[in-house]
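First chain A sits with chain B, and in the next complex the same chain sits with chain C.
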Partner chain A sequence: MAKYERQYYNKGDQISRNRQRILDPKTKLEKLRTIPDEGFLSILGHRNFGEAYKAVHPPLSELGEPDDPMRDLVPPTEGAKAGDKMDTLVMTDSVYDAPIAVYLRAWLLHNRARGLDTGCYSGRNTVEMRARDLEDIGRLLLETEVCDVRRNHLRQMTCTGHSCRLDQDGLMFDAVRRTKMEGTDVVYVKSGFGISLDKPVNIGKGVSDEELKKRSSIYRYDNIPNLLLEDVIDPKPDEEVSETTQWGRRIMRQRLYGNLNPELIKNDAYENLEQLELKPRY
Partner chain B sequence: MAYLTEKIDLYNDRGQVLESGIPLEAVTPVQNPAVREIADTFKRSIAINLAGAQKALSTGHYANEYIHLPDIPNKADLPIKSGPYGKPKAVRTRTWDVPLVDNADKLAAKLKDKLQVDAGDGTIVNIMKKGAMFYVKPSEKLCTSGIEYTGALTATAQAMTDLVMEEFDDILDFHAAPLVHAAFYGRYPSTYEFMGGNVISLLAASCANEGPGFSLRNLMINHIVAITQRRTMESMALSSTLEAISHLEMGDAIGRWRRWQSLVYAYQGLNANNLVYDLVKECGSGTTGDVVGALVGRALDDKVIKVLKTLPSGFKFYTALDPSLWNAYACAGTSAAVIVNQGAARAAQGAGSTVLYFNDMLDHETGLPSAGYGDAVGNGIALSFFSHSIYGGGSPGVFHGNHIVTRHSKGFLIPALTAAVALDAGTAVYGPEATSGLVGDIFGEIDLIRKPMESIAKSAAGIKNKF
Partner chain C sequence: MSQTRTSKENTVVEEGRYWDPHAVKGHLEKGKTWERMSIRDDCGNMFKSKFGDIDFTSKNTEYYKFNGVMQSKRKSEAWEIAKRITRERGIPNYNPDLHLHGVQMGQRMLQTYKITGLEREWAGAEDTPAHPGWVPGTGIYGIEMDDVNYENNMAMQQSRDDISRTSINGMNIPHETIERRFGKEVTPETINTYMEMLNHNLGAGALIQEHVTETNPELVKDCYAIMFTGDDDVADAIDPRFITNIDTHFPEYQATQLKDQIKDKIYQVCRIPTMALRTSDGGLARAWVGQQASLAFVGAYDIPAGDAVTSDFVFTIKHGDVVFTGTALPYRRAQRVNSIGGVPYGYYADICQSSRTPEAIKGLDGGIDPVKVTVEALTPGCVLTDQGWLHNYLAGGSSSWASYVMSVYTDEILEDPSYYGADWGMHHYKCGVGEVPNTLKNGMEIAEVVGQHFLASYDLYPAMCETHFGGSQRFLLQCAAIGAATGCLTGDTDLGQTMWMYNTHIQKEHCMRLGFYGHDMQDQMGCGHNSSYRSDQGSPYELRNMNFPDQAMHVGHVGGYVGICGGSAHARGAAYSTNPVIKLAFADHEHIQFDWRYPRREYGRGALHDFMPAGERSVVCPPYAGGITANIPPMYEKKR
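The block that comes next holds the complex of A and B.
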C-alpha cells in the first residue's frame, strides 16, 4: 500500500493552515533574519563565542557502544556523538497574535527535531538537547517565521509575561527587561538568564501588526477580520474547524468508553448505545 | 477462560523471526513456562555481599548509618568514615576482624546445607568475585511453602547470621549477635525494609509495595538495564514481562482485559509481528512525528483501523476495527518513538516528553484514543514533571512501576522508559553503572533473564499445539 501521508492539522481557516504549516516538516520555514554567532551564543547564555562545548561523557567513538541492533538503526545526533552536555532553551510566547503558541512548539519540535526533551508549562516551552543540537534548533526557533521578535522571546528564567498587556511599542512584558526597542528593532540587552551583555544584540525588526494577525496561530476575537458583535456573541467558526475542534471531546469520549469496555469503541459503537445488547443501566 | 487462539509471530531484536504461528495464549504469563521461570528466578534469587558484611564488622559501619550517635565530644578525632556534609555516619563500636571472604568456600558449603531441604533439590550457592559475593537460590520448597515471597531473603539472611556466629565463635561472643544480624539484615527491624543490608533481593520488602500485586513492578529500571547489559529490546522485553506478570497479579488481566493486556505484552515487549523493529527501522533517522505516521500507516495496512469520515479539505477521522489491537499498536509505537528520539540523543531524560507528545499527536492524527486509552498522556506529563527540576526525583533510570507516577500505566510505560535508559550513553547521574553494577554482574549471568525474548519464544513454541 501507498505510504501513509500524515495530516497534522485541518485546513479549515487561516489559523489552522498556519498551524499545519508550522507542524509539517516538509514545509520549509521562511528564514527572516540571521543572528551572528557571537550574539546568538550570548543571548543563549550557555557558552562564550569560541569556547569549546562542555562534555558529559567521552565521544561515542571512544566510549564504545554495546552490541545492540537498535543502536545501529538509530544514528546518534552530532551532539550525542561528541558527548555534549545537555543544555536548556526556554521560549515564551505572547498570547497577542504570536506566530506560534506554547503547546504548538512541542508538536513542532517533535515533528522537526531529533533527540530532544521538551515540555510546556505555564506560558513557556522548555527544550533540552545536547548542546550543539540545541544551538541548531535555537536558530530555527529564533531566525525563522515562527519567531516574531516582539512577541516570541528567549527567556531562560523569569518567563512571566506571555499573558500580560503589551508595551506601547508592541513588545511583550518582561520582568527582567531583557529586551528593548530601538526604533523598530528589538535589542537584547541581557542574556536569557538576565545577565547584562557587554554587546547588546540587535535581532532585527518585527513584522507589522497586520502581518502578525495573518501569521498568527492563536484564535482570538480580535484577529478575525470584519468581526461583528453578533459573531462574538454567537460565533460561527468554519465548519471544518468546528468539526475538528470536537476532536478533544471525541477523544475523551473514546477514552471513557474504551476504558469501560474496549468493544464500545469498535466502529464508534458507543454512538448507538441503545442498539447494543447491554444490560439496563450499563 | 477461553484460550486466546489468534496467531502471532515472534521476532528477535535483529528483525529475524524466532517462532511463527504462536497462539497469543502461549505467551501469557499463566501459560508460558519461561515467564513463570523468570518470575521464580526473581523471587528466589538472593545476593550476599560477603565483603560488605566483613567490612561492616571490622569498621562498625553498619547499614550505612545504623549505629549513629549524634554528638560525642571527640567525634572528629575518631578513625571513622565520613558521611555527607562531613558528619561521621558511624562510630567505632566493638569491631571484629572476621575473615569471611577468606573462608568463602567453607561458608558456601555450610550455607547450602542450611538452605537445602532435600538433596539435589536445585539449591544453588555460587561463589562470585573471588569470594566477595555469593549468588544464592534457596530450595524451592523453602521459598514456596509459605504464601509470600520474602522467604528467600529472610531464610538466607538468618542462615548467614547463624552461620557466622557458629563458625567464628572463637572471635565473636554472645554480645556480637545483634551486630552480626545488622551486618546481614541491614537496619531491619528498625526500618520495615532491609535498608543497607548485605543480603540483597531484587524485590523489595512486601510492605514497600504501593498495593497488591506490585512486587515485580518494584524493581528499578536501572536494574533491568544492567541485567540485560544495555541491549534495548531485550531490556524492554524483560521489563514488559515483569509488568505482564504484575498485571496478572493485580487483577488487571481478567475477562475482557485478558486479551488487551496480552496484546500489549506481545506487541510491545516481545516484538510480535516485528512491529517495533519495523517502526524503528523505518524512522530510525527520523523524528517522533515520523513514528506517528508510520504507525498509522501500518495500522491501516493491517486493518486495525479504518477511515470513519472525510472532511471537505481531505482531513480524515478514523475508527478502530479492533480496539484492543489498536491499543497494542499504540503501545508498540510509544516504545518505537522513545527508541527513535532518545536513541538519537543517546540520553534518557526525554522519555516522558516523547511518551506524552507521541501519544498526543497520535490522538489528534486519528481521532482515536492512544496507548492505555489516555493513560500514556497522563503518565507522560507526570513523568516529565517528576523527572525534572523542582519536582525532581531523578533520571528515568531510578523510576519503577511502584511509583506514584508510573503505577497507573497498564504495562506499557516502564518498558518504554527501560528502552530509553538502555540507550543512554552516560548523561544520568544515577545511571545503571552507579546503582546496579552488582545486580548486573550477578543476574546478567543467567541466560533466561538476559535474553528473555529468545527464552520466551522458545518455550511458547513448545506449548503452541496445546491451544
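The block that comes next holds the complex of A and C.
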C-alpha cells in the first residue's frame, strides 16, 4: 500500500495546480515586492512606525504558567509570547483572475501559519492574529505572488468591489478610493480604514492581464471553467469530468451518505479509503 | 405531506420536441448571447434600465463620476427631508456626508431594479375592494432600492400584518358544546346570526354589555370574520357573504383535494384590526378572537353569561381547535404565536396563493407552472423571513439589508435559470414536471446544469455580476434556482433543498468564495443534515422554521426554502404544500388587504407608493398633522 501523501489539491488543470501550489507549505511563494516598514504599517493602520506593540497581558515568561502538557506540545507564537493584543487584517480579492481568493487564503494560512482566526465572506477575508504575527503574515499576503496589486487589496472596512467591473486601469472598484494608479504603479493614498496617509505608499506594478490568467486561482468561463457545458447537459460519470468536479461530487455524496448511513460510504467509489489509510481510524 | 399525485394531468412535454444542446454551446462560445436571454427579452432591457447602453460583456467601466447620492431621487429627497427635521428638532438626522469615511455612497452607479412580473398583463388581477384603481399592465423599471426597504414599503409591512392578525378556529367543537352542554340547536340560520354578530363586535362594537366604549369603524375596517368548509351542502346553506367558496377560488383538481381534506369541518377565519396588531404581536389575534367570538356565541345562542358551563365553552373557543399560522417563539425571541418568525416554511408556501392563478395553472405548456409558484412563494418568503424577521426584528433595524434578498425577486433574474433547468430536465428525462425520479443522481445532474448556467452568466456578463455585488446574493440566487428546478422536476422538496446544499460545493470550488459566514455553517453541513434521522437536523423542510437549529442563522436563504416547498408540492399535483387549512384561510383575496395571489405585484405597488395599508389612524389625527378627524368631540369644537 502506497504511503499516504497529502495532496493539498488536485492537479487536473492550471487553476487547480495554482491552488495546490499556494496550499502546499513546502512550496516557497515567490516574493514580488518589498514594502518599507513605515509604509506597510501605515496601510495596515494599527500601529505607527516606531510605536511599541500594545499588550493585553505580560509576556508569558513573566506570567508563570501552570504545568500543562498541551503547552509543551504547542509552542506559543512570538506575539503570544510577548502578550500582544489581537489585530485584524482584511483582504479583498477581485473575481477577475485574482491569484488568490478568500477560501484559498484561509486554507493557505491554516497550512502555513499558526495562531490565527480567519473568516471567509464573499468579498473579504478577515485574518485575526497577535499583532506582530499578523504583521509577518500581512507581509506574506501583500508582498508575495499571492497578491496582485490591482486585484488583491487590503481594506479594513467598506470592502465592496470584488465583484464590480474593473476601472479602465484594471483596478478593483473601491468606494473609498484607497488606491490609485500612478503610471503603471499602484499607490495606497489611504490606510485600510480609509484615512488619508501623509505619505502615499507605492506598492509597485501589477502583472499583465495575460499573466494574471495564468496565475489565477479562480475558475472562470472566460479563462478556464470547471463545469463544462457539454459535461452537464449530457451528464457524464465521475471519471469523465474534471477532477475538481469529481471532488465536489464526492464531498456531497460522502456527507449525505455519512449522515444517512455511514455504511453507504463504502459503496461510493471510495476504494481510496484503504489507500488513504483512514479506515483503521474510522 | 400526503397528497394525491395527479401530475399526469400536468404533463407538459410534447413528444419529439427538439432540444439542441449545441445551440446553447454556440451561444456561450460566442460570449455574446445566452440562450435564455435571447428567448426572454427582458434581461437586455434590465441591463439597459440599470446601466444605460453598455456592453454587458465588458469587464471595464468608469467609476467615481456619479455625484454620490444625488444620482438617486429617493436618497436626495431623503437628504432634503432630513435637513428640515434637523432644523425642527435640533438634533442631527440622516446625512449622506457621513457615509464611508466622508465619501458619499454612490461612487458607482446606484442601480435601479425591476419588480419582476409587475409589468405583465395579469389576467386574474381584477380590482379588489382593498386596492381600487389598480391598472394591470403598468410597466415598472427603475424602482430604487430604498423603495423595497421594509420600512419604506407598506405592502411588505401589510403582508406581515395579515399573517399575524389571522386567527383560525375550528367551529365543530364549539358547535358540539352548544348542542350537548347547552341543548341548543346549531343551524345555518344560527351560524349566519353568529357571523353577523362576530363581524359587528370583532372590530368595532359591543354585544351584550351596556354603556361601554366602542371603536370608530373607520379605524378597524380591515377587520372581519369569514368561514370555509369542505362540505358543499353546509357551504350552500350559509350566507355567501360569510363563506369562502372553494369552487370559485381554486381550479377543480385543487378544490377537490382541499375539500377532501377539510371534509365536513367548518373553520372560522378572523382578521383582527391591523391597528390593534401593531400595538402588540401575533399572540393578540388568539386572545382577541377568543374574547370576541365568545361574546358573539353568547349573543347568537342566548347562552347565560358567567356560569361554569360558559366558562368551559369559552375555553374550547380560545384553545380547543385553534390553528396558528406560526408557533410561539423561544423566550429570547420574545414573541407569541402567529409571529412571522414562527411560521413554518410549508405554511408560508400555503399562505401564498399564486398556485391557483391562471398564470400558474396554464403557465408551462398548458400544465401547472411550478417555477412560477416557486418564485412567487419565494418572494414573500424572502421579504418576511429575511427583511422583516431576521434583519428588522432579530438583527435590529432594516437599513441596507433589503439589498440582500431583493436580488431574488427583482429583474426576473431567478426565473431565467429556473426555467432553463426545468426545460432541460423535461427534455433530458423525457417526462413532465414532478415526474423525474427523485434520486440523488438526478438531483445532482439538474444542479450541475443550472449551476453551470448561472456561473457562466456571471462570468460572461460582468454587469450582471456587479448587479449582484454580494457573494451572498449570487449564492442565494444560484441555490434557489437549483432548488426550484430540482423541486419542480422531481416534486421532492427535500431533494430540492439538498441540491441547494450541493451548490455550496459547486460554487465554492468554482469561485473559491461563497458569501456570509453562515454558508460555512449551515449550507455546507446542510447536505449531510438533510439526510439525517435526527429531528433537529433532518426534519422535512415544510415543518422547519427559522427557529429550527440548523436555520436560526440562515440569513437570506429562508425565502428560497419557502419557494421550493411551494413549487415542489404543486409540481407533484398537490393543491397545497403542508396544511389545507392554511391554504384556505388565505384564499379570500377579495377581503384581505394583501393580495396573496400576486405577492410580487403587491410589493411592486408598495415600491410605487401605490399600496394602501390598513390600520391608518388619520381618522382620529389632527388635520394640521394630515389627519381627517371625522368626528371632532363637541367639547373640542366649543373650545376652538
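In this section, the second predicted complex is superposed on the first by the 242 of 282 C-alpha atoms of A that agree within 3 Å, B and C clash if a C-alpha of one lies under 4 Å from a C-alpha of the other, contacts with A are read in each partner's own complex, and residues count from 1 in each chain.
Please note the rule applied: a contact is a pair of C-beta atoms (placed from the backbone, for glycine too) under 8 Å apart; a residue touches a chain by one contact, two chains touch by 3 or more.
As the structure is a prediction and not an experimental result, all values here were calculated from the model.
Asker: Let me test your reading of the model: by the given contact rule, A:Y53 touches which partner, first (chain B), second (chain C), both or neither?
Answerer: neither
Asker: Contact-wise, after the overlay, does A:R71 reach chain B, chain C, both or neither (first, second, both, neither)?
Answerer: A:R71 sits against chain B, while chain C stays out of touch.
Asker: Who does A:R165 touch here: chain B (first), chain C (second), both, or neither?
Answerer: second
Asker: Determine, under the contact definition given at the top, whether A:W247 touches first (chain B), second (chain C), both, or neither.
Answerer: A:W247: touches chain B and chain C.
Asker: Scan A:G258 for contacts with chain B and chain C and give back first, second, both or neither.
Answerer: both
Asker: Do chain B and chain C land on any of the same chain A residues, and which?
Answerer: Residues 119, 244, 247, 251-252, 255, 258-259, which sit in both footprints.
Asker: Could you pull out which chain A residues touch chain C in their complex?
Answerer: Against chain C, chain A makes touches at 19, 93, 95-96, 100-104, 119-123, 158, 160, 162-168, 170, 173, 175-177, 190, 193-195, 217-222, 225-235, 244-245, 247-249, 251-253, 255-260.
Asker: Hey, which residues of chain C end up touching chain A in the complex?
Answerer: Checking each residue of chain C against chain A gives 21, 24-25, 28, 31, 58-64, 100-101, 103, 105, 107-108, 424, 428, 440, 444-445, 448-449, 451-452, 455-456, 459-460, 462-463, 465-466, 468-472, 474-475, 498, 501-502, 505-506, 508-517, 520, 525, 527-533, 537-538.
Asker: Which bits of chain A are touching chain B when the two form their complex?
Answerer: 1, 3-12, 23, 25, 56-57, 60, 63, 65-71, 73-77, 79-80, 83, 85-86, 106-107, 110-119, 128-130, 133, 239-240, 243-244, 247, 250-252, 254-255, 258-259, 261-263, 265-268
Asker: Which bits of chain B are touching chain A when the two form their complex?
Answerer: Against chain A, chain B makes touches at 13-15, 229-233, 256, 260, 280-281, 284-289, 292-294, 296-297, 300-301, 308, 311-317, 319-324, 327, 339-347, 349-350, 352-354, 357-358, 360-361, 363-365, 367-369, 373-374, 384-385, 388, 419, 422-423, 425-427.
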